[in-house]
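Both of the next two complexes hold chain A, though its partner changes from chain B to chain C.
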Partner chain A sequence: MKPPPFEYAAPETIEEISALLAEYGDEARIIAGGQSLMPLLALRVVRPTVLIDIGRVSALDGWRQENGILRVGANLRQQDLLEDEDLKSALPLCAEAAPQIGHPATRSRGTIIGSICHADPAAELPVCALALGALMTVRSADGERQIAAADFFDGALSTAVSDEEFVPEVHIPLPDVLTGFAFCELSRRHGDFALVGVGCSASLDTDKRIVTARVGIGGVDDTPLCFDLDSAAKEQISDGQSVGDVAESIASQLDPGTDLHATSDYRRAMAALLIDRALQTAVSRASEG
Partner chain B sequence: MGAPKQILHVDLVVNGTAYSRDVEARRTLADFLRDDLNLTGTHLGCEHGACGACTVIVDGQPNRACLVLAVQADGSEIQTVEGLAAGEQLNPVQEAFKKHHALQCGFCTPGFLMAASALLQTNSDPTELEVREYLSGNICRCTGYQFIIDAVLSAAHKMREPGTSD
Partner chain C sequence: MSLFGKRQVRAEDDALLMGRGRFIDDIRLPGMLHVAIVRSAAARAKIRVNVEAARASDDVVAVITAGDLPASARVLPDCHPNPALPDPREPPVLADGEVRYVGEPICAVVARDRYLAEDGADLVEVEYETMPAIIDIEAALTAASPLVHTDVPLNRAAQIKLATGNTDQAFGAAHHIVRDRLTIQRGAGQAMETRGIVANWDRYQQKMVVWNVSQVPYVHRAAIAKALKLDEISVQVLNGDVGGGFGYKGLTYTEDLLIPVIAQMLEQPIKWIEDRAEHLIASYHERTQIHELEMALDANGRILGVRGRFLHDNGAYVPWGPVVPLLTAVNIPGPYKVPNFTVECDIVYTNTVPVAPVRGAGRPQACYVMERLLDAAGREMNIDAADLRRLNLIPPDDYPYELGFISRDGTRRTYDSGNVPALLERALDLVDYTERRQLQAKAPADGPMVGIGIACCVEDTGLGPYEEVGMSIEADGSVTVRMGTPSQGQGQRTAFAQIAADAFDIPFDKVRVVAGNTEEVRYSIGTFASRAGVVTGSAVHQAAQQMKDRALGFAAALLQTKTDALMFRDGAVVLADDTSRGVTLSEIVETSLGESGAPLALREFGPGMSVTGSFSPATNTFATGCHVAVVEVDLQTCKVNIIKYAAVEDFGNLANPLITDGQVLGGIALGIGNTFFEKVEYDEDGQILTGTFMDYLMATTMDMPRVDIDYVATPSPLNPLGMKGAGQGGTIPVPAVLSAAIDDAVRREGFRLRHAPFSESDLFQLLAESGPPLTKGAK
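And now, the complex of A and B:
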C-alpha cells in the first residue's frame, strides 16, 4: 500500500525537533533512515499527522569518543558498523552483529539508534545495547534524561521514550583492555530477524578471572532480555568449568513463544547453545586482550 | 475534509539527468520514479521493504525505493535499471543475466540488477558466498537463485578481464 497522507517537517537543529515534538506529541513520528517506519507507514499501522525527518540535523551525525564513552548519533547508519574501521574496533560487538542486520539495501539507510528505538524483540542492535550496558539519551523540550538499556524496552515495539521525547544519542561505555565480546544468532535466512540472537560481553581482571559478564538475548520474549552472571557462575567459568551449565541455567529461565518458525522448546534449546557459544567466545577473546 | 495537501519540491538526478518536481510528502521514491518521471523499470513487488524488487542506487548505495520518501532523496544522485544499458547495448551484468538465463518473468530482475551493480561497484571480485549474502534481500519467484548467482559471478569476471570468455 501507499503511506497515508502526512505533513512533513525537516528540522535542522535538535531544538527544532524538540519543539515539534512538544507541539504534536503522539501525532508526530520521527524518521531517520526510515527502514522500520516506512513499512509501518505502508501497511498503515501508524498514521502520523506529522513526520519529523531528522536526517538533515547534522548535530546527530557520526560518532565520537569522550571520557571513556562512545557517543553514537541518531543518524549513524548500520552500514558504518561494517565500513568505518575505527568504529568497528570501538564497537566490536555491534560490528559482529552488523552483517546479520537486514540487507545491504536497508543497512545503507537504517540507523543504529532507529533499530534500538523500533524495539523489535528479535532485532540484533537492542540485544547489543543490553550486552554493552548502553545508556540511551532521551530528550524533550524540557531537557534531557538517560535511560539504561536494561530499563529501555517496555514490550514488543515499545520503549520508555514518551511521545514528546526522542533519542538523539546513545552512550556506550568503552571496554577495558581485558574485555571480550561475541554475537551469535540463528535465523531462517540470512538477513531475517533472529529466531534467537545472543550478544555477550565479559571483562577479566589481570589474573584472568571474570569480573563482569553479561548476556543479552533476543527473540525469546516480548523484549530483548539481559542477564548479569552471578558470582557463582563467574567463579565456575573462571575455574575452567563448563560454560554449558551456566548457559543451560540462563536458558531454563526463558519462556519463549511458539510460532510458525520455531517452537518454544526449540528456541530455548537454541538459546542454551548460543549462550554457551557466545559466552565462551567472549571470555576467550577477553583473555587474548 | 482534512487539511490541504502539503506539496514539497524535489530536485534530484536520475541516470545523469536532472529532474525537478513537486510532490506530496508521502510519495515514495519508487512511485516518484515510476509515476512522476515515467521510469517504470523500477518494479514494486511488496511496497513495504520485503522483496527488493524496487532496489535502486542512491548516492552510490543500494536502497529500497519503496522505503525512501522522494523528499528524503532530495538532492541525491540516483541510478536505476534504465541507466545500465547504452542504447541497445546491454551492460556486462545485463548481458550475463541474459546468457545465464537468470530471469524468467523478469519482474524481480531490475532489483537484482541494481543490487548486483551496487555489489560490483564496491567489490569487483566477490566470492559466491558474498554474492549470495549480498543478494539475500532480493526475492525471485521464478528462476531460483543459482542462475542469478552464476550470472553475477560471470559478470564480475568479465568486468575484471574484458575480452575473456566465461
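And now, the complex of A and C:
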C-alpha cells in the first residue's frame, strides 16, 4: 500500500513546529522515526494533509540531566537505550525494556517519545513512563504545559495532547540510590508488542523499608495502567512476606481483553506472575543499591 | 572428481548477497503503467460498481471492470483438471455482480505510478448488498446453510473416498480402539517476495511478454495464450530471481490473466506488484481440515486399521482441483503398515480465500492425524512411543510397498524404496532417547516439564509427467544447461551444474544453468511438489548422456578410434590408455561448427554440440523422514522451549547436502509456524482478522531451535540418479512431533493437543481444564 498525497514540512526550530501545528491542527501529523506512522500512512488509515518531520530540529536531539531530572529529547532513538552507556545507567528501567522493543532496525529509527505518544497499550515505553512517573512536556504556539504520565494516556492510540500540541521533551525524575527497577514481559515472539509487560520501580528508606513502589502494566487494557502500592502492601513486602498476594490483588483488578493472541484469563494470570517477578526484582535491586 | 553429493557453495549466492538479484519489482520498462486492484471488502455480497469518479480523474489512465474483459478472459480456466472434482467453480477474473470472499478482485485501476493507481482505487465506489457468509465448514454442509455457489448443494464441491482391506472387520477384531477429532487451521505461504507481474504487448510481433514469479511458467503461458487467443508460442513468460515459492506461486491466479489482458488492451507495459496487505487476502491459503478418525490395534499395539472422515475447507473457488485433500487422504497411512484403511472426505466451499497447496500440501495434516492417533494409542495402552512406531513401521525388506489404493497420479500407490526404521533409530540416537526417557522417569514432579515427541512421514515427490533440458557445449569448452523449471531460491544453478560438471569432468564453474524463460526449452511442467531436483535433475543427466555420446562419437572420428577407447578428462576427450592424447571440448565444438562458407568437416554429425534430453518418471518417488523433538514446557507461562530437535531425512541420493540442509531448516521454520504461529483467522462475517504481520505471525530466527540434520539414503529405483524430492519433508512432521512432545511433557489427565496451531494462551486454557498429573511411569 502507498500513502495518499500529503505535504511534507521539515522545520528546523521548535517554534516552526508550533507554527505549523497552529496552522494545520488535526490535518498535520508529526513524524520522527516513523515506525508507527509509516505503516498507518501506507495502509491509508491516517491521511494527514501535512507531515511535519522533526528530524532536523536539533533542539530535540539527545538527552541531558539537570537538577535531578533527566530530559529526553523527541529525536532520541530507542536504540540509544541499548548503546549509550550513560543513558543506560540513568534509565535502567528503559534500558531493560529496550531489547524487547521491536528489532535493531526499528529501534534505530523509532524514538522514545514517538513510542510514548503513539500510545499503543501494549508498548514497552509507555509502561516505563508510568512506572517512572515521567512528565511529558507538551508545547503549542501558546506555550508549554506538563502532563504527568498517569494523565497522559486517554485510550488506545490516544493521548491528552491536543491537535495543536506536540511533545518536545519528556522529564524523568532521576532516582536516588535506594531505588530499584525491573521490567518483565511476555510476548508471542521476541520483539512483538507485549501480551503483558510490567515495569516496576521501588524506593527504600535507609532501613530498607519500601517508601514508594509503583507498577506499570501494558497489554491489559486500552491504556497502560499504573498502580501505586498502598501502605499495607508496602509494609507486607517490607516485612519479607509474599509479593505474590500483592501481585494477585493488583491482577484481580485488571480486566484484559481477549484477542487473537491471548485470552483475558491468560493475560490476567501472566500479569500476576510478571508483577510478582518485577516487584521482587525491583525491591531486591533497590536494597542492593 | 565427483561433485554430485558435495556441499558445493551455491552459485546463486554472490549475486543475491551483493544486491545483484533481479526480482519482479526490478523490471522497469519505458512507458510502464501501474495497476492497483480494488478488492472485495465483503465475504458474500451482490455488488454494484461505480467507476465514473475514478475514470474522470486526470491521474487515472484506465479502470477495467468485469465487463471490459474479453469473453476468453472472464473466468480462470481449470488449469489442473482432476476426475475427483469434475465440475469445479473457477474464479471470475474480475467479480461480476457478486463477490465470494474478502479480497476477491473487483476492478483494476491503471495509472502512471502505484501511488496514483491507489488514489484512483480510492475513487471507485462499490455498493455491497451483503449476505450471510459461509465460514464454518461443518455448518456449510447442513441443509440450512446458505450456498457459496447457488448451484452447488450443501456447498459440497466433491467427495473423495479411499479404501483398502476390510476395515469394519478389522475394527470388529480390535483389542483397542482410539478415536479423535483433530483439526488444523489454515495458514498461508509467506514468501519474502510477494507475487507480481509485468506484461508487455509487443504490437510489432503480436507477442505477449510476461515477467512473473511463477513456479509454473509453462502453465501460465498456456493460460495466458488461451485468454488472449494467441498461440502458445506467441506468449513468453520470464522469471528473474524469485524470492520464495511455497507452492502458492505454482498456481494460476486471476491477476496472471488480468495484467496481460490490460497490457494488450492499452498497448502499454503494465506492472502489478502484490503488496503484503494484499497478499494476505489475495494469495491462496491452505490447511483447514477437520478430521474424525479412529484407529484399531491388536493387543500388542499393532495397527489393524484406520477409518474415518474429514472435511476440507476449499475456500470460494477451486484453483487446483482436489489436490490438497487427496494428498491428505493418500498420506494418512504414512510409513506404517495399515492393512485396512477407509477414509472419506467432503470438500467444502466457503466464503474465504481459495485453498491450494502450500509447502507440505495436505501431508502435514495426514502426518498430524496419524501420529496423534498413535500417541493416543501409546498412552492408553502404555506402550513407549518409539516402541509403538518400531512395531508398526514398514520393514525395509517390504519395499517396494504397495498400499492397495490409487495414488494422486492415478497409479497404484507404491512406495518405491525406503527404510524408515533406520531413520527412526538414527533420530532417536541424535536426541539420546533412551537416556532421556530414564531421566524423565526419575525427574521430580515439580521440576522442569520435559517431553519427547516422535513423528515419521512419507512424501510423494518427483512426480511426472516430464521435464526437458537443452544442453550445449560452448566454444570455450564450457557447458550450458537450459531448462523450464524456474528457481524460487532452491539452488538449481548449483545442483544441476554439479550433475553436468560430473558428466564431462569439468569444473563446477564451467557449467552455466539457465532457467526462467519459456523460450529456452519447448516443454516443461514446473517447480513444485518437490519435483525439480528429481525430474529436471534426471533430465540433466539424460541430456548429458546424449551430449557425451555425441561428443564421444565426434572425438572418435577425429582421433580415428572407437568411442569405447575414449573418456572425458578435465575438459577434453582423451584416450583411456593414454590420457595425454585427445581433443579438448573446445576443439570439438570448433571443428563441429566448421568455417563460414566451407563444407563441414564431419557432415554426418551435423553442426555443433547441442542436444535436447528429457526425463519422464514412471511414477513419483517417495521421500521419508523422521523427526524427534525434546521440549520443555514452562507450566507458569506455558511457553515451550525446544531443547533438541533431530531431523533425519531420506531424500534418496543427494546432489548437494548443503542445499537440502537449507530445505530442511526452512521447512522446519514453516512447521514451527504451523505449530505455534501461522494462523489465518476469519470472523463469522468472513472478515479476515489477520490482515497484517502484526496479527499473522511466523516463526523468526529467535523461534528456531538448533536442528541436528542427518540423512539416510535409500536410492530411488525410479530415476538414474536415485534421487527423491526434498522440498517439503522438513515441514510435514513438525506440528505432530511438537504436539507429541508437549503432551509428553505436561502429562496430565485430559491434556491432549488436538488442534494446530496453538499459542501459549491456548496451552494455558487447556492446562486449566485438565486433570491431575498422570501417575509416574505412565507414558
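Quick notes
Convention: the second predicted complex is superposed on the first by the 289 of 289 C-alpha atoms of A that agree within 3 Å, B and C clash if a C-alpha of one lies under 4 Å from a C-alpha of the other, contacts with A are read in each partner's own complex, and residues count from 1 in each chain.
We take it that a residue touches a chain if its C-beta (ideal position, glycine included) is under 8 Å from a C-beta of that chain, and two chains touch if they have at least 3 such contacts.
Treat the numbers as computed from the prediction; the structure is a model and nothing was measured.
With chain A as the common reference, the superposed partners chain B and chain C clash. Using the contact criterion defined above for the overlaid structures, shared-chain residue A:E7 touches chain B, although it does not reach chain C. With both structures placed on the common chain, the touch criterion links A:R188 to chain C but leaves chain B unconnected. In the superposition on chain A, contact is made by A:G34 with chain B only, not with chain C. Contacts of A:H261 after superposition: chain C is touched, whereas chain B is not reached.
With both structures placed on the common chain, the touch criterion links A:L43 to chain B and to chain C.
Look at A:A269: by the touch rule set out above, it reaches chain C but stays clear of chain B.
Once chain A of one complex is fitted onto chain A of the other, the partner contacts of A:A105 are limited to chain B, with no touch recorded for chain C. Applying the stated contact rule after C-alpha superposition, one finds that A:D53 touches chain B and leaves chain C untouched. According to the touch criterion, the shared surface of chain A, contacted by chain B in one complex and chain C in the other, consists of residues 1-5, 39, 43, 189-191. The touching residues of chain A, counted against chain C in their complex, run 1-5, 39, 43-44, 186, 188-193, 195, 260-263, 265-267, 269-270, 273. Across the interface of their complex, chain A is touched by residues 2-3, 5-6, 8, 24-26, 28, 31, 47-50, 52, 55, 58, 61-64, 66-69, 71-72, 115, 118-119, 132-134, 136-137 of chain B. Residues 1-8, 10, 31, 34-35, 38-39, 41-43, 51, 53, 55, 79, 99, 102-106, 108-109, 189-191 of chain A are the ones that touch chain B when the two sit in their complex. Of all residues in chain C, only 114-115, 118-119, 122, 275, 277-278, 636-639, 677, 679, 681, 689-690, 692, 694-695, 697, 699-700, 702-703, 759-761, 764-765, 768 touch chain A in the complex they form.
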